[in-house]
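One structure, pasted below without further comment.
Just so it is clear, A, B and C label the chains in written order, and each chain counts residues from 1 on its own.
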Amino acid sequence: MPAIRTGESLGVASRHGTWSERMHDLDDERAIRRLMARYCHTVDDGAWAEVAVLWADDAELALRGETAIGPAAIVKLIASRQTPELRGLHVIANAIIEVEGDSARAVSDFFFMRREGGPDPLVKFIGRYLDRFVRAPDGWRFRRREIHFRGSS
Amino acid sequence: MPAIRTGESLGVASRHGTWSERMHDLDDERAIRRLMARYCHTVDDGAWAEVAVLWADDAELALRGETAIGPAAIVKLIASRQTPELRGLHVIANAIIEVEGDSARAVSDFFFMRREGGPDPLVKFIGRYLDRFVRAPDGWRFRRREIHFRGSS
Amino acid sequence: MPAIRTGESLGVASRHGTWSERMHDLDDERAIRRLMARYCHTVDDGAWAEVAVLWADDAELALRGETAIGPAAIVKLIASRQTPELRGLHVIANAIIEVEGDSARAVSDFFFMRREGGPDPLVKFIGRYLDRFVRAPDGWRFRRREIHFRGSS
């Protein structure tokens, strides 16, 4: 896998700003972390109506050279790859989230496990998510997700 | 697996309330996240006395049709399934935590890996935790954990 | 694996202190969580210059009876075990972080997956990180990381 990095600065310093600004920042990061978890839960449940509302109207999902635009197309793309017999557990880990005003971005690692014929679940995919988020009136939404798979798969 | 969802609203908005309320909320969520991590560490260490203190006196653990009530019975149930040769690593991921006053709930995904005969650790179980928590005078405790395994296992 | 525990008290209570203190504490924990994620990203990318800056000048990395001291030696040790063909995905989970002034410590679980010859990624290592951190003028750094592998590997 080519090095996929955020290009941002180290980002390990504590934040500056007023209490109010810092509180907002912590709150926003929590909301985005929750949105990322919600993606996993709803995709793994095949709850497509709930997946759809996670995305901004002009959101993009890019994977393996394809880009779906808008919630309906995005759900269609995901659902085509997550038919009931192919479903399992998506896990997001090592997330680093940067909020800037009404937009945000994140880099995180993911992996996907599912049961196939054998006795034990298998790890099927590992990779990295590069995400952009946008603040909507009622909460944060995905603006763009790029899925980078690690290795041949 | 049937869709296991919290039934809560989307939950991706930033929080409202006074600074004090929001600070409490962030603090509580952190304490609960830590409690969930502590469960993994202590179970994987077979540190049963430390597992016991994670639970409220009237706590319930429900898995595979069994329900243990109270810390002693809960530890007994866990220990019976986590004998030394069966131990490994529990991981909690994708946690969404909702605090309401002195109680809270969470939905999260989990998986469990361990070494068996072969060279590499194997993923043995994947599933979802549905948790309820209660605030005790000295901190948060599990009030109820339901363990839902994904697929036949 | 022998029980590896932090020795700290239960740590599931909400925090005390003034708003300012608690805000600092939440901020610091977030910065450290981000540092831990950054370790995974940069090691998995083989981005050794970026790995180096994560460590204090007198930092220590201890694994399998070896201890490397200082960023250059630490990177050399990691790079020797993470040659391009051996790379994969490091995941940190179940992290419990304790901040005390300008130092902090954490206990967390980790696992490492990679592709080898077969069709699916394999879990190769599972274990626990015992970490110490120090606050530098521009942010938190690793002061010491002990890597404890679980089982024979």
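Criterion: contacts are C-beta pairs under 8 Å (C-beta built on N, C-alpha and C of every residue); 3 or more make two chains touch, one makes a residue touch a chain.
Not measured: the values here are computed from a predicted model.
J.: What's the rotation, in steps of 5°, that superposes chain B's Cα atoms on chain C?
T.: That pair's rotation angle lands at 120 degrees.
J.: Pick same or different for copies chain A and chain B, depending on whether their interface residues overlap by over half.
T.: Looking at both copies, the contact residues mostly diverge.
J.: Need the CA-centroid distance for the pair chain A / chain B, whole Å please.
T.: Centre-to-centre distance between chain A and chain B: 23 Å.
J.: Using the touch rule from the top of the page, what residues of chain A touch 2 or more other chains?
T.: Residues 19, 23, 26, 91, 93, 122-123 of chain A each touch two or more of the other chains.
J.: Considering only the defined contacts, which chain C positions touch chain A in the complex?
T.: That would be residues 19-20, 23-24, 26-28, 30-32, 34-38, 40-42, 44-47, 50, 53-54, 88-93, 113, 115, 120-123, 138-141 of chain C.
J.: Taking the touch rule as given, give the residues of chain A at its contact with chain C in the complex, in rising order.
T.: 1, 3-5, 10-15, 19, 22-23, 26, 29, 91, 93-96, 107-109, 111, 122-126, 150-153
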